[in-house]
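Notes for the one structure printed next.
Labels A, B, C and D are assigned to the chains in the order they are written; within every chain, residues are numbered from 1.
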Amino acid sequence: MKSIPVGLVGVVGYTGMELCRLLADHPEMTLVRATSRSEAGKPLADVLPHLAGTRLAEMTITAPDMDDLAAHCELVFLAVPHGTAMDMAAELVRRKVRVVDLSADFRLRDPAVYADWYNLEHRHADLLAQAAYGLPELYGPEIAKAVLVANPGCYPTSVLLALAPALEAELVETDGIIADSKSGTTGAGRKPATTTLFCEVHDSFRAYGLGRHRHTPEMEQEVGALARTPVRLSFNPHLLPIGRGVLSTVYTRLTKFVTADEVLAMYRRFYAQRAAALGASWVRVHPPGTWPETRFVRGTMFCDLGILVDPRTNRLVVVSVIDNLCRGASGQALANANLMLGLEPAAGLPPAPLMP
Amino acid sequence: MKSIPVGLVGVVGYTGMELCRLLADHPEMTLVRATSRSEAGKPLADVLPHLAGTRLAEMTITAPDMDDLAAHCELVFLAVPHGTAMDMAAELVRRKVRVVDLSADFRLRDPAVYADWYNLEHRHADLLAQAAYGLPELYGPEIAKAVLVANPGCYPTSVLLALAPALEAELVETDGIIADSKSGTTGAGRKPATTTLFCEVHDSFRAYGLGRHRHTPEMEQEVGALARTPVRLSFNPHLLPIGRGVLSTVYTRLTKFVTADEVLAMYRRFYAQRAAALGASWVRVHPPGTWPETRFVRGTMFCDLGILVDPRTNRLVVVSVIDNLCRGASGQALANANLMLGLEPAAGLPPAPLMP
Amino acid sequence: MKSIPVGLVGVVGYTGMELCRLLADHPEMTLVRATSRSEAGKPLADVLPHLAGTRLAEMTITAPDMDDLAAHCELVFLAVPHGTAMDMAAELVRRKVRVVDLSADFRLRDPAVYADWYNLEHRHADLLAQAAYGLPELYGPEIAKAVLVANPGCYPTSVLLALAPALEAELVETDGIIADSKSGTTGAGRKPATTTLFCEVHDSFRAYGLGRHRHTPEMEQEVGALARTPVRLSFNPHLLPIGRGVLSTVYTRLTKFVTADEVLAMYRRFYAQRAAALGASWVRVHPPGTWPETRFVRGTMFCDLGILVDPRTNRLVVVSVIDNLCRGASGQALANANLMLGLEPAAGLPPAPLMP
Amino acid sequence: MKSIPVGLVGVVGYTGMELCRLLADHPEMTLVRATSRSEAGKPLADVLPHLAGTRLAEMTITAPDMDDLAAHCELVFLAVPHGTAMDMAAELVRRKVRVVDLSADFRLRDPAVYADWYNLEHRHADLLAQAAYGLPELYGPEIAKAVLVANPGCYPTSVLLALAPALEAELVETDGIIADSKSGTTGAGRKPATTTLFCEVHDSFRAYGLGRHRHTPEMEQEVGALARTPVRLSFNPHLLPIGRGVLSTVYTRLTKFVTADEVLAMYRRFYAQRAAALGASWVRVHPPGTWPETRFVRGTMFCDLGILVDPRTNRLVVVSVIDNLCRGASGQALANANLMLGLEPAAGLPPAPLMP
């Protein structure tokens, strides 16, 4: 069987590193280009010593060059900041290369919303209509046909999977939704900054960017699509002293009386159907009274959900847990690539978490 | 100046240890009894080696004996589980000894609510009316006159200080309030259990007890008192991989249009007045757009508040941070004792946090 | 291809959990029995919820029964305490079942040394001669032929791989060796204990068991075998506030003048030869002036070595890093099983670490 | 009583922050100048929000100006990098202001050794003879008379206190000493760098700078002074995923037969005498078979020692624990200032650690 050649732009950040981990063991994809402007010319294992001894170790890092990537790769992962990704994606798509963009550049369908939240005019708004939103359980068929996939943000991934079954069933009010999210520090990236030094994060906890985080419009767009009505929600992130993991506690108000068992069954049915259609089962709904933990999903595509039906306050509260680097970024990117290339959706993705 | 003799029942748990830390440096109180059923007979520093070399090191731990405590102490701190504390408190009060009870036994004014949430009939319901709720900013005068103080729970302390100014000003709706709280693991106590082993908590994050945590009725009672109307709220705790610290993110809906600056001024005015009346200033309201961190209050009585007025969702969101062992338990207990004994409210309490 | 049925005794401890992680993805082995006295009768995913959705999830845990294991398994992993393992191993070997024993019961060739350090008479000393010491780089051929493999301790694994090339080349004195080792807390097991609670380990560091840790005689036996002379060494362990990982700093005195480059070349040559013979390359020697980190090997069989030739003190200092649960226990056990069963040595073992 | 005005150059690094914590509660010193080139003009609490509400909060940070400092301060703490500190110290000393220099600039008596290890010619070598080495237990009287105190490095502090009694008693060989040290990450300072990001340190452990750390000549100088002979030792540091704390495991060879009890008594006697002379008792020697932990000393001046006399290897192994920011830097600086100013040695220093 011929292995499919793929490229990765941005190899030294955390999402690039995570893609390397997965591609070091993918049965049908071969990483043939790994780029980094600052580290070009070095063997990969000089820059990422944990990859010594793997099949990627001897690769020479190159500078990002769209012609070169297009000449050698069937698909390219963009693990670079928003604003930079959009031009690269446009160039690659023009050269008929499939692209999975891990940045935010193609997630928002309305360029005005993008300009508003990202303080940046979109330079390739024409491509927005072509971009599939890469959440496999919700957009599997679109992803499979897409040339350009906008890989979802980590927070939206956790929140959308928490809400989708309830919204589809019109079980909850669409206004007044709150997502109180907590993320591991890998989500803040690998750039040196005082605020993410070990001694500033360790043994502490804080909120940040309340009410104005850029994942807010992405959630509102997709929650609105699920609810078939425009939605405003309150999204508030916090920074956890852990490496990987996002836990979102999502608060809604019930539209009708329902028991915990009914909701549980509805959630499990919803995701069983999606898993059957998709060919991969990644959402696990916890038994009543038990709650997911970020470590339960470490290094995998699992999204674990815990459900509270609270008759005292008439609320449905859903706790949703993912690994922000794997399900919330690089693993989901790989799953999308698998779908785009006609491979098994779970190819190259670890079936069991690293626990403890 | 004569130092006031005090006792501590339950010296080897985390709240007992924290009281020792503070009492090792109190200018006007002397710990004359420290009890532990399991460690009686040993010098304190054999059991708590970090206290070697302090003025408490040579104390011999005794078994808890109410007669002995009453004979030697003007005030006793009870750092024992609920259910156990109520009998000890009753015996001590009968012997005219002042008591600060760190357990939940005297926090709820309605014994039926206590029985309902704690699965236990209250055996000293007659004392409930005498017990002051030991949140100094709200109940300073009552505490100063009390023989028995019910020291608040850590979560309620953080939530009530977040809400008090807004409720007093009728700025927010009293229904639909959500407290999404995150606690360090010292809050789970020092008893061996698989669920609180290092390897089960470290590098992970989880929710627990959603919708049924016992601090819920305590919050509802006190929020109701502030709002002058019965209140139901949704309280949902999570476990942080840190030692000390509680952060509560409290969600409310605004009753009227108000600017962030107005709310900030209102909060600062409220707590400046309370500080003036109390003689101690422990609530710090952060400048707009900045957020408190649990490490900012480590080892102190500070409660730091961050405020979001979100016009998009018409919400007031308050982030509240305390040290659960100091402000949320032993430090607050000491402050209450200071008030009860006519001392400076802040005597023996560290003015600056241990940061980093 | 027929998958080989294997069993696991002791599924709920950390080494049992790690074996499950690996066996959930092994291409040629199938876990057909997973036992736990306390959890028998439950589906595996009820007890280990992170394994829900994997191919092991629906297995029913059974009570350990040697007849049943022998009837269904070609090989059994024993992940139970020393003292318990020896009887199980003897029963299984008698029934012609291959055994990888993760306990210490068959590591020491001299039953008197075992009795001395473990305070226990060996009840199956007759089996000691048959047991292979399961360090693949040193004992590959013996392991492949063995019915019973004594899986090495985590500390000895890290120390022996640090020393083997230098000892073989008679580059260092055999007396005066010091191993200063630091282990993650998974090494302390999963039993509830105050000393391994999160709040007792987190943000702290300590030594323990200096001079009398039970891995000492195991190191001395194997260092002595490499040096062809009896050896006494000083082994001193410490407890790290991390989950997985052992780092040993090993101090020796040089017997002759040698450059850093020569030692580096010697180490790389030694392990290249061993890798070629074994069919798996798991020891990585760092470039001069760079040092391994425990995270570089997380979840893998890698042992990373960093080398200092210090002319000021005439010492060779070797820093050795492994994942104590994977290379130091369950991964090595699986590698040994692969060798015993004639499979690829690296089958089922992740090629790349989870980093960050 | 008049409070003594002091200044602090370098307020925003970790040692500056720690000095602020202590000075916020010092009974006889008042911080009148706090400088930072980058933050000059701002109120202290804007830059260090955890100090809001303390008596330092409203101070305006100034740019460092030696004339201004000399005009207002009796003593100045220099918490700036080596190379920068030496010129400031010289200017202040010339103006008759006492100086405690937390950098390495005046620790090494031989300017050639300084030039060699720090790659820098000393510009004020004439001051070296005047500088006292600020380890109070060893140099109390010199410190009390000094105008310039070189505050010791954190690693040397831990190692010297571990060795002093044994060296004085000629109990151990002076060659072949090894110090295997492990430091919390505050020791790496507060400058942004990839290597000290949370995600690069957390859940991992590594060695660094083996054989060439700049604290080596400082240890050799002072060990040599204690041993009255030139000494070479092997010093090897490691980076711990904790905030504060240094633990050094110090390996020596015994010169004669001695029991553990004898060594313990010798160590306790040595430090009891030093404490009596000094007026402060900060070294605690653990009972046999128990080991110190970094958390036992958190936030204090304590140095905890654990002692192993190992007849198997004829070694004395001493485990030494300090808080690198308090005893290893700012607390020791304050103690030295107390001595220089004729105050109680322990004034302003917390008597009990923050534990847990």
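Following the convention adopted for this analysis, a contact is a pair of C-beta atoms (placed from the backbone, for glycine too) under 8 Å apart; a residue touches a chain by one contact, two chains touch by 3 or more.
Remember, predicted model here, so these are calculated numbers, not experimental data.
Participant: Give the label of the chain whose average Cα location is farthest from that of subunit B.
Facilitator: C
Participant: How many angstrom lie between the centres of subunit A and subunit D, each centre taken as the mean Cα position?
Facilitator: Those two chain centres are 46 Å apart.
Participant: Please compute the C-alpha centroid of subunit A, do the same for subunit C, then give the distance between them in whole Å.
Facilitator: Computed value for the inter-centroid distance: 36 Å.
Participant: Mind pulling the subunit C residues that touch 2 or more other chains?
Facilitator: Residues 14, 186, 199-200, 202-203, 241-243, 292, 295, 356 of subunit C each touch two or more of the other chains.
Participant: Chain touch graph shape: choose line, ring, star, complete or other and state it.
Facilitator: Contact pattern: complete, every chain touching every other.
Participant: Given the complex with subunit C, which residues does subunit D contribute to the contact?
Facilitator: Residues 176, 178, 180, 182, 184, 199-200, 203-208, 210-211, 232-234, 236, 238, 240-243, 245, 247, 249, 251, 291-295, 306, 308, 310, 312-313, 315, 317, 319, 356 of subunit D touch subunit C in their complex.
Participant: What residues of subunit B sit close enough to touch subunit D in their complex?
Facilitator: Where subunit B meets subunit D, its residues are 14, 17, 20-21, 24-25, 48-56, 186, 202-203, 243-244, 281-282, 284, 286, 290, 292, 295-299, 302, 325, 350-356.
Participant: Sort out for me which residues of subunit C touch subunit B in the complex.
Facilitator: Subunit C residues touching subunit B: 14, 185-186, 190-194, 196-203, 241-243.
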